[in-house]
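In the two complexes below, subunit A is the common chain; its partner is subunit B in one and subunit C in the other.
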Partner chain A sequence: MLAINLQILFSGLAVGAIYALVSLGFVLIIRATNVVNFAQGDFPMVAAFAMLTLLSSLKLPYLLSFVLSLAVMAVVGVAFNYGVYYPLRNRTYLPVLISTLGAGIFMQNAVLAIFGPQPHPLPKVFRAQGFQVGGVFLDSQYLLILAVTLVAVGFQYFLFEYTLLGKKLQATSQDKDMARLVGIPVAGMITFTFVYSAALGGLAGILVAPILFVSIGMGSTIALKAFSATIIGGFGDVTGAIVGGLLLGVVEAFAAAYVSVPYKDAFAFLLVFVFLLLRPQGIFGEKVSEKA
Partner chain B sequence: MNGSWGAVLAALVLSLPVRTAGADAIKVGLVTEITGPNAESGAYSVNGAKLALEEINAAGGVMGRQIDLKITDSQSTNPGAVLALSKMASEGGYTAFIGPVRSTQIQAMAPTIMKAGLPMMIGGTDPGLTHAKNRWVFRARPSDAYSAKVIAEYGTKTLGRKKWAIVHATDAFGTGGKNALLDALKERGVTPVLVQGFTSNTQDFTPIILAVKQSGADVVGTYIPNSPDVGIFSKQLRQLGVNAEWIGSPSLVTETAMKLGQEALHGIYSVSDFTPDANPEAKAYAEKYRKKYGVAPDFYSSWTYDAMKLVAEAIKKANSTKPEDLRNAILATQGYKGVEGTYNFDKNGDGLHGYNVVKNDKGKVAFITRIDFPPSQESHGGTASGSQ
Partner chain C sequence: MSEAATSTMAPPITVRRPRLRPRLIPPLVVLALLPFLPFAITVSDYTLNILMQATTYAMPVLGLAIVLGYTGQINLAQAAFFGLGAYAVALVTVTLGQSFWIGLPIGVALAAGLGFVLGLTTLRLGGHYLAMITISFQQIFDLVLNNWIAVTRGPDGIAGIARPSLFGWVLADARTYLVLCAAVLYAMVAFVWWLPSTRLGRAMRAVRENELAAEVTGVHTLRVKVVAFTISSALAGMGGVLFAAGFAYVSPDNFSFGRSVEFLTMVLLGGVQSPIGAALGTVLLILLPEWLRFLKGIYLAVYGLAVILIMVFMPEGIWGLIQTVWKRLARPAPVEVGRVRPLELDIPVADTSPILHLREVRKHFGGVKAVAGVDIQVSRGTVHALIGPNGSGKTTILNVLNGIYRPTAGGIVLDGEDVTGRSPHERAGRGLGRTFQNIRLFSALSALENVMVGAQRDGNPLPPGNAALRERALSALGFVGLADRAHLVVKNLPYGHQRLVEIARALAGHPKLLLLDEPAAGLNPVEKQSLVELLKRLRSAHGLTIFLIEHDMGLIEQVSDRISVINFGKKIAEGAPAEVLRHPDVIAAYLGTPGHAAA
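And then the complex of A and B:
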């Protein structure tokens, strides 16, 4: 029984880590622009197709394909900023939000036109499928996902709290006019945010593709859950989004095992309802200063 | 295909007759997916029908006349399919139609089929399609009622397994299949130890697989339509150490599913309506198809090939192109050896009553056996006097 619960916990954490990675991208853009980017779920998809092309079609080495795919995502991030956000930056949040929706539809159809509707497999990083520890099977890709998420979270914490760039980003998200007055290049900071969150989404896509395969719809379910994690974590709270993502993954896995598999998704959204009702400020509450 | 240009191109292509036949040619209409998301399978269905057409016409046609095949695009949608058939019906001069492979499109077309009053061969596998009191619908593929029977028969009798776990998607296809499999197992005195549904596009099957493992099942029966779901399920099933036999719906041996699941799908069984090695006709067909089109055929092409030949056969036998004569001739078709199996039409208009069992033998689909059931004895909707 213990082994079974540990197995469920492990898969829940791994799936939750993917939610956390994607929700980090959501949070960064919310903080920088006050807008939910509905195309966030399509970044993993685009990156996975980039990886597929470089690795499987062009036969490049794994590491090079990986770096190039993230570079592609950086370009996508810049294009996204100037094509989707920048022209509407002085409008209310609504036009921007619709604009991100449109960008998502565009990305899906562009990929459909180029690659067709069939899903494709992507090789794992490690040759080993995984390890048997006691009664628990640890999938190598799941382990990698957990490890990379930890590193990404650590990196992000360091970036925001201990570097000048991070301080500038924080200042931009708190008060753009004030930031501009003290000489911070606000537009540049926002471009950087889009690049960074596109790369984060891309990272999630490349990590999850060997398990979920490369398909046009691969990002949509993940994005919905990641968005839920963002809400649970408190709209715009980095630590909250990570904890929210992991929590969501684990709750889903155990609800599926002990209550109902078909309604697994419903439990995830039920959790969102509970948080919205009882703790709308999220797990840790928001930084008050951001509300100003 | 990018929408408007594809449509223009298709319109140009379709405005040209497939084969310049004489004025007295017998016209057969094919409604299929030339544009839209299913365009790829539509291309197969055109290829299959054309191959049959060439053979029929090369052999002198029927009743001394050539057959002319007209293709109309369904745009892969229900309204498109209805529109395509209406267009052909109002144009007039047709003898018979070959319809879509999608059950839902055929359901949408049903009133138009009745109004047109001409026999239509269909490829949709929803059992209800031939039980809807529509006397002009004839099926050139086995219905899903038989896939569950074959899965149950092969699993319990040949593999000798009694502890069943059923895993199914909760959509129309998965739930329908699960219910049919429950019935089929019940007939054999088997109550599954586990019945587990899931929503399509599940990212993680760990809880389901652990339940299968705990249930002690020695065979898993599945109705999982989406290839990515099949791929993820298969990998996790083997990773978590379930070594039970696995036998499921045809979706397990599609090229995409096998590409995604790779070795995790080796050794599994599946039912399939078209297998090149199942019979001499299928073998010959696969060779001809590969020679002409350069790719391997699949069931999207094999059933239209059979449908075209069945129509020609019926015209020949009736020695008439009158709808009523043709209808009777199709219903009277018994023992016709097609590439999908031996056609014995029952009174509902169902031509086939069984499936092939195939095995994924190290990534290749190997034919194992064919299981057929006696045709149903219920009556097909309405008699000649009750025509609408």
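And then the complex of A and C:
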């Protein structure tokens, strides 16, 4: 019994790590621009297709394909910034929100037009399927996901807390006018945020593709989960995004195991409802009220 | 100007929103006859299908015009509400074998009921949360449709939904059924068209423009949002009911998230603020795939791009563009200033208890004690000023007074009633009016509409009906000298006038106590002097009690009867202007102590 529960916990954490990565991308954009990017889930999808092309069709080595896919995501990030966000930056949240929805439709259907509707498998990185530790089977891809997420979170912590670039990014997200006045290139910082966020989403997509299959719709569910994670963790809170993502992955895994598989996805949303009713600011969020 | 000026019973001034104009009759007749056109000429089944789709889709889209266009709240689950109506009819007629006319009210009620519940639980959060929650709801709905096979038959859907008969008249023929759909649609368009000029519609638009100001002006913002959401869901449900019987078949793909986005795009494309725009957008987006057929596989990608382009280049949609041109051509009739009734504030005399008592109010933000125990009493009929250096806690006190902040400790007694636990709109309903330091008007509304929102607060002693509200609003605008500007959209007014409109908005609600947050900020000397005159008039001619925050000492000396001074969240002096302004502690607070009096 314990072994089964540990097994569920393990896979829940791995899936949660994917949510956390995408959620982190969300939160960074929310902090920098106050925009909720409804196309965030399409970043993993685009990256997975890029990886599929480079690795399976062009037969490039894994590491090179990986780096090139992230480069593709950087380009997507820049294009997203200038095409979707920048022209609407001075309007209310609604036009931008809808514009990101449009961007999502565009990305999905552009990829659909190129690759067609059938899902494609992506090979795993390691030949070894995994290890048996006690009664728990540790899948190699899941282990990789957890390891890479850990590294990515560590890297981001270092970037934001210990580098000048990180300070500039933080300043931009806190007060754009003031940041501009002290000479920070705010537009550049925001572009960087989109690039970084797209790359994080891409990373999640590349990591999860061998488990899920590469398909047009693979991102939508991930994005909604990542969203839910953001709300559960605390809207706009970095730690909250990570904790929320992991928590959601684990809850889902247990719900699927003990309650119902087809309604697995509904649990995430129910959890969000519960949080919104009882603790709308999330686990780590602070209550903010509008100032008169 | 007009002889009617002296008459006390001057008829209410009619403005915009005229009754049926003769030149509108021909297009209306054409519209009324349009649904009968298929009987006169031969129309293919395919065309009839497209028409049926357009009429039924337009209904949820009209719902979005209310919730998104008027009220400014997003709803990304409109297809789910549409689906609720459709599945209700399918289940009632096919599974239970009952009549369509039993399914119809059930479908609409189900959609409205779920809209109400969803709105009630999430609308207080608004914004991005609402987007997220509605998507979640949409996804759960999708999951249920696909997986609750015993009831919904899963992805196969439910077929064989019969069309109804009406008064023994069978509507099985698509053309006849289309007439029914068109009639319902016209009724909805008329309703959505009429809504903005009602009390509810104005409150919705006030919420959209500035939710905080709406709440403080007396609008029960949560209720307005929930009502908007419920009506919108009901319209979507109605659309779903007619859709199901029209196409005789429902399946989950008709009610997916993609469809919700499509509805949203329709309303945005056409123009989110108008029922005609909503209908226009629906028709266009249904026809667009036909026209863009040459694009084949990339059609949806182009559609995605189009959504972005609409947002960037046509924020008001097609109808918005048409209207901008139209408004340049047609100007609203000017108000006859002479007919405006003088403002009355109906303030009862001979009560000597304080109108307002702040009882040891404290407000802490984390460790910061912004207000650290302040006790102030405001006497009736006085102008009471609250002054203090920047950051001393003045605006916090005002926000606590208003109910925007809950005090950490202490209480507020307004006219003998403890209102500490009351929300801002309830306080407004008890006669607390307010203006803001950084003007908070409903920018896209006219000056008149802004002030009418102030007049329609709960408990305002006015006769019922829009005419009384309009008259009251014009009186208030007349009092501040802006009756002739009543029809201008406030965002186009100069800054000084905007300040006056804000005061008029508060006055229209018959306030017992008027709170002014730095009313002179940003005014030039001439405007300041007229503000002084205005405040004096309010106090002496009308006996209105005013509690104001101000930095302009000249103004304060001229208008106030009593001054309270606070610093670091505590009251340091109180009394008549002459003594207070010379009080050594007050001078020290503003200029620093002699030790470091460099300033």
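Everything that follows uses one rule, which is that the second predicted complex is superposed on the first by the 285 of 292 C-alpha atoms of A that agree within 3 Å, B and C clash if a C-alpha of one lies under 4 Å from a C-alpha of the other, contacts with A are read in each partner's own complex, and residues count from 1 in each chain.
The rule we apply is simple: contacts are C-beta pairs under 8 Å (C-beta built on N, C-alpha and C of every residue); 3 or more make two chains touch, one makes a residue touch a chain.
Predicted model only: the values in this text are computed from it and were never measured.
Trainee: Looking only at subunit A, is it subunit B or subunit C that touches more of its residues?
Mentor: C
Trainee: Using the touch definition from the top, say if A:277 reaches subunit B (first), subunit C (second), both or neither.
Mentor: Once the two structures are laid over each other on A, A:277 reaches subunit C alone.
Trainee: Is A:224 contacted by the first partner subunit B, the second partner subunit C, both or neither?
Mentor: second
Trainee: State whether A:113 touches subunit B only (first), subunit C only (second), both chains, or neither.
Mentor: Both partners, subunit B and subunit C.
Trainee: Scan A:212 for contacts with subunit B and subunit C and give back first, second, both or neither.
Mentor: In the superposed model, A:212 contacts subunit B only, not subunit C.
Trainee: Could you say whether A:265 touches subunit B, subunit C, both of them, or neither, answering first, second, both or neither?
Mentor: both
Trainee: Where does A:164 make contact in the superposed view: on subunit B (first), on subunit C (second), on both, or on neither?
Mentor: neither
Trainee: A:181 in the overlay: touching subunit B, subunit C, both, or neither? Say first, second, both or neither.
Mentor: It touches nothing on subunit B or subunit C.
Trainee: Intersection of subunit A residues contacting subunit B with those contacting subunit C?
Mentor: Of subunit A, residues 113, 262, 265 contact subunit B in one complex and subunit C in the other.
Trainee: Where on subunit A does subunit C make contact in their complex?
Mentor: Residues of subunit A touching subunit C: 30, 36, 38, 83-84, 87-88, 91, 93-99, 101-110, 112-113, 220, 224, 227-228, 231, 235, 262-263, 265-266, 268-270, 272-273, 276-277, 280, 289-292.
Trainee: What residues on subunit B touch subunit A, complex-wise?
Mentor: The touching residues are 2, 37, 40, 170, 196-199, 201-204, 206-208, 210-211, 214, 227-228, 231-232, 235, 239-241, 256, 259-260, 262.
Trainee: In the complex of these two chains, what residues of subunit C are touching subunit A?
Mentor: 68, 72, 74, 121-122, 125, 127-129, 131-133, 135-137, 139-140, 143, 146-147, 212, 216, 257, 261, 264-265, 268, 297-301, 303-308, 311-312, 315, 395, 398-399, 402, 404-405, 436-437, 440, 517
Trainee: Report the residues of subunit A in contact with subunit B in the complex, numbered from low to high.
Mentor: Touching subunit B from subunit A are residues 4, 7-8, 11-12, 14-15, 18, 113, 116-121, 129-130, 137, 139, 208, 211-213, 215, 217-218, 221-222, 253, 256-257, 261-262, 264-265.
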